[in-house]
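So that we are looking at the same thing, I have put the structure below in structure tokens.
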Amino acid sequence: MAAAEEPVLSRRAYGGSKGRLEAFSDGVLAVVITLLALDLHVQADGPGSLAPQLRHEWPSFAAFALSFFVVGVIWVNHHALFALVARVDRTVVFLNLLLLMWVTTIPFSTSALADYLRTGGLDTHLAVLLYGISNEGMALSFTLILRHLLRRQLLRWSPGAGEARGSLRRFGLGTALYPVITLVGFFAPVVMLLLYAAQTGFYMVEQTPILPPSTSD
Amino acid sequence: MAAAEEPVLSRRAYGGSKGRLEAFSDGVLAVVITLLALDLHVQADGPGSLAPQLRHEWPSFAAFALSFFVVGVIWVNHHALFALVARVDRTVVFLNLLLLMWVTTIPFSTSALADYLRTGGLDTHLAVLLYGISNEGMALSFTLILRHLLRRQLLRWSPGAGEARGSLRRFGLGTALYPVITLVGFFAPVVMLLLYAAQTGFYMVEQTPILPPSTSD
Amino acid sequence: MAAAEEPVLSRRAYGGSKGRLEAFSDGVLAVVITLLALDLHVQADGPGSLAPQLRHEWPSFAAFALSFFVVGVIWVNHHALFALVARVDRTVVFLNLLLLMWVTTIPFSTSALADYLRTGGLDTHLAVLLYGISNEGMALSFTLILRHLLRRQLLRWSPGAGEARGSLRRFGLGTALYPVITLVGFFAPVVMLLLYAAQTGFYMVEQTPILPPSTSD
Amino acid sequence: MAAAEEPVLSRRAYGGSKGRLEAFSDGVLAVVITLLALDLHVQADGPGSLAPQLRHEWPSFAAFALSFFVVGVIWVNHHALFALVARVDRTVVFLNLLLLMWVTTIPFSTSALADYLRTGGLDTHLAVLLYGISNEGMALSFTLILRHLLRRQLLRWSPGAGEARGSLRRFGLGTALYPVITLVGFFAPVVMLLLYAAQTGFYMVEQTPILPPSTSD
């Protein structure tokens, strides 16, 4: 572990390096992303044969694939952000726990979405809302972490005030997106799924705008 | 792994460095903290629609959020303590296993608490007791680890006898707190939840008193 | 983490080293391989005593052992391939996520196979198909990762054009095998199990042909 | 990761260092040891109130605590053994997978033991046998790993032929113990639990005899 190379004082001030924060986050994200697949299940002693069960479960498959890449993008962003971090303080550790708490609610809200996507009425609205809350919780926690890292200058280099503001503003836009997607979902849940998929797909081809483009090269 | 840098003799005496102890503990804590969310579930083919299920499950949500941060604080303390450790012996490894055993009971006692918080009578008392035992087990194991580390001088530096005693006394106070909170829970379970939350919140803003303040800077 | 040794620019371009990609993949593979065993279960309050339950569950035991080594071989290949990787870019990260997504479907398709192996008819065909899709998805993702690593020269050394083509062709043969095994499974599911076992066994004794033999020594 | 420091040829011959083998094994062992606690559960909507459920579930609690330390000792031994390993070859990787496969059966055989410990008759015998098979499978795999490491001289130092034979013989004694404990379990299951506990407790206070005492200091 990198701890041995840190000056003793900074280590005592927090009590550790970012190595275990990354390892613990990797562990939680790995378990969450794998548990998503637990919601896929069919039963020989269940209601009839396999084919109708698979047909009936398509929302589970769609929700599984969507949430897999939603959590995957969180991992990629976490990885990208913390690679830029020089050291962590106690506040980062607890904001990171807050982020992970929202991440661990994803299998639950995914399962609720899969179960109630087609029932219509209040139940579908509630399931859409739960999924939106999980996503918004993750986005807000991420923004809080970035803001704290910038304010306390915990990154490997010091971005200018303008850069920092621009970077946070772009994240703020992200957190404003989920309420909009959720609102769409109240009227058209399947369109909402496509919007989530489009947004996740966007993150896959585009560089995550954690940092202003000018500092990326 | 850091093992390669250790002198051969000390490595053989125990058979390893603290790296894998930390990695294994991170793994167990990550799985436990994620499994907590498995107790959140709603069912389309369950008893009625989503809204009443969510309303009925509020103790599950409260217990999930509480236990998430209880385990989170354990991870933060574990991280902070072992960052100060120079080397581990066989006893530390088994005391750490004892700590992890109590940690793995948290999803069970959390689930029991959520299920029986409102039934009242003996069942609520038992659920409160189970939750208290899990927490007390963790606190005692932690104190045993700290005491052994201090006695065998396994830390990166040698605290004075007074410092060591003060540090252990402060931990001892912690272990005396859970029986009190549990006793309160026998009469007012919701007040107990708030006390646990307050204590966990205290750990988030305050530096964990693992070390005497005089050695922290 | 190795991140500290990388030049700042390449780190920013991707945002990290291969260390966390390996750690996250290890986590997902470890959880998946352990979850396979969750499909083994007997119940004291179930349909009768233990002996007939065990007799009835033999497809679960066979499917568990098979899938354990299928995922095990994936881990060994992942390990062997990434040991040769010098650096990863964003595309590798997302292709790796795609691979992990297919890996996380293995417990589901294994469970479906165990449940419907003996029912016969369309259900058995569907279960055989699901298992084949999981395996083909993993093989294709792996081939995409290798192709990208070769094209972008992300390996620790530069194989010649001929070597690279030979290596990819051998992988292509692997991806052509699963449809054949699946076709066999439509007519003789148990023969299919033996073919999967034989192929997995082959990987255990033979060096995985990720690299042309000429570069292996 | 330590991979970067290894000579290229040995890395290619296997495709990796022991770092990921240890990380993957830590992951599997951490998930298994945590899943054991999943077998503890009570239900508000189950058969009656909490107290009788807890009373009825005592074999689950005993089996959980026992198996927790059985898996814990496996982790400690794995840790101690691989700390002495200089490099791993393909055979070690697959023997380690075999060990992990038996480890992942522990939650299943523990659960079967807890369910059928008191039913008596053939069912109890079968449950005792399943638990014995899991333990024997782990012990045999461990012995195979040690034998291979000694034969191929993959340890950090070269023990003499006598030392190596002595070390293997002591392990062989371990593998002969489980059939005896299982036989006892056929007649007195509770005595068997105590024997397993005694053996596990012995490993906690005594140095695991992986190596001859003469090489330990």
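Note that the chains take the letters A, B, C and D in the order they are written out, and that residue 1 is the start of every chain.
The rule is simple: a residue touches a chain if its C-beta (ideal position, glycine included) is under 8 Å from a C-beta of that chain, and two chains touch if they have at least 3 such contacts.
The structure presented is a predicted model; accordingly, all values stated were derived computationally and were not measured.
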Q) Where chain A and chain B touch, do the two copies share over half of their residue numbers, giving same, or under half, giving different? A) different
Q) Measuring centre to centre with C-alpha atoms, which chain is farthest from chain C? A) B
Q) If you average the Cα atoms of chain B and of chain C to get two centres, how far apart are those centres in Å? A) 36
**Q.** Averaged-CA centre spacing for the pair chain D and chain C, given as whole angstrom
**A.** 25
Q) Which positions in chain B touch two or more other chains at once? A) 23, 26-27, 30-31, 35
Q | Complex interface listing, chain D residues touching chain B | A | 2, 19, 22-23, 26-27, 29-31, 33-38, 40-44, 49-51, 54, 65, 68-69, 72, 75-76, 79-84, 156-157, 204, 207-208, 210-211, 215-217
**Q.** Parts of chain C lying in touch with chain A, wherever the complex brings them together
**A.** 1, 3-4, 8-9, 11-17, 20-21, 23-24, 26-28, 30-32, 35, 90, 93-94, 97, 100-101, 104-105, 107-108, 111-112, 115-116, 119, 122-123, 126-127
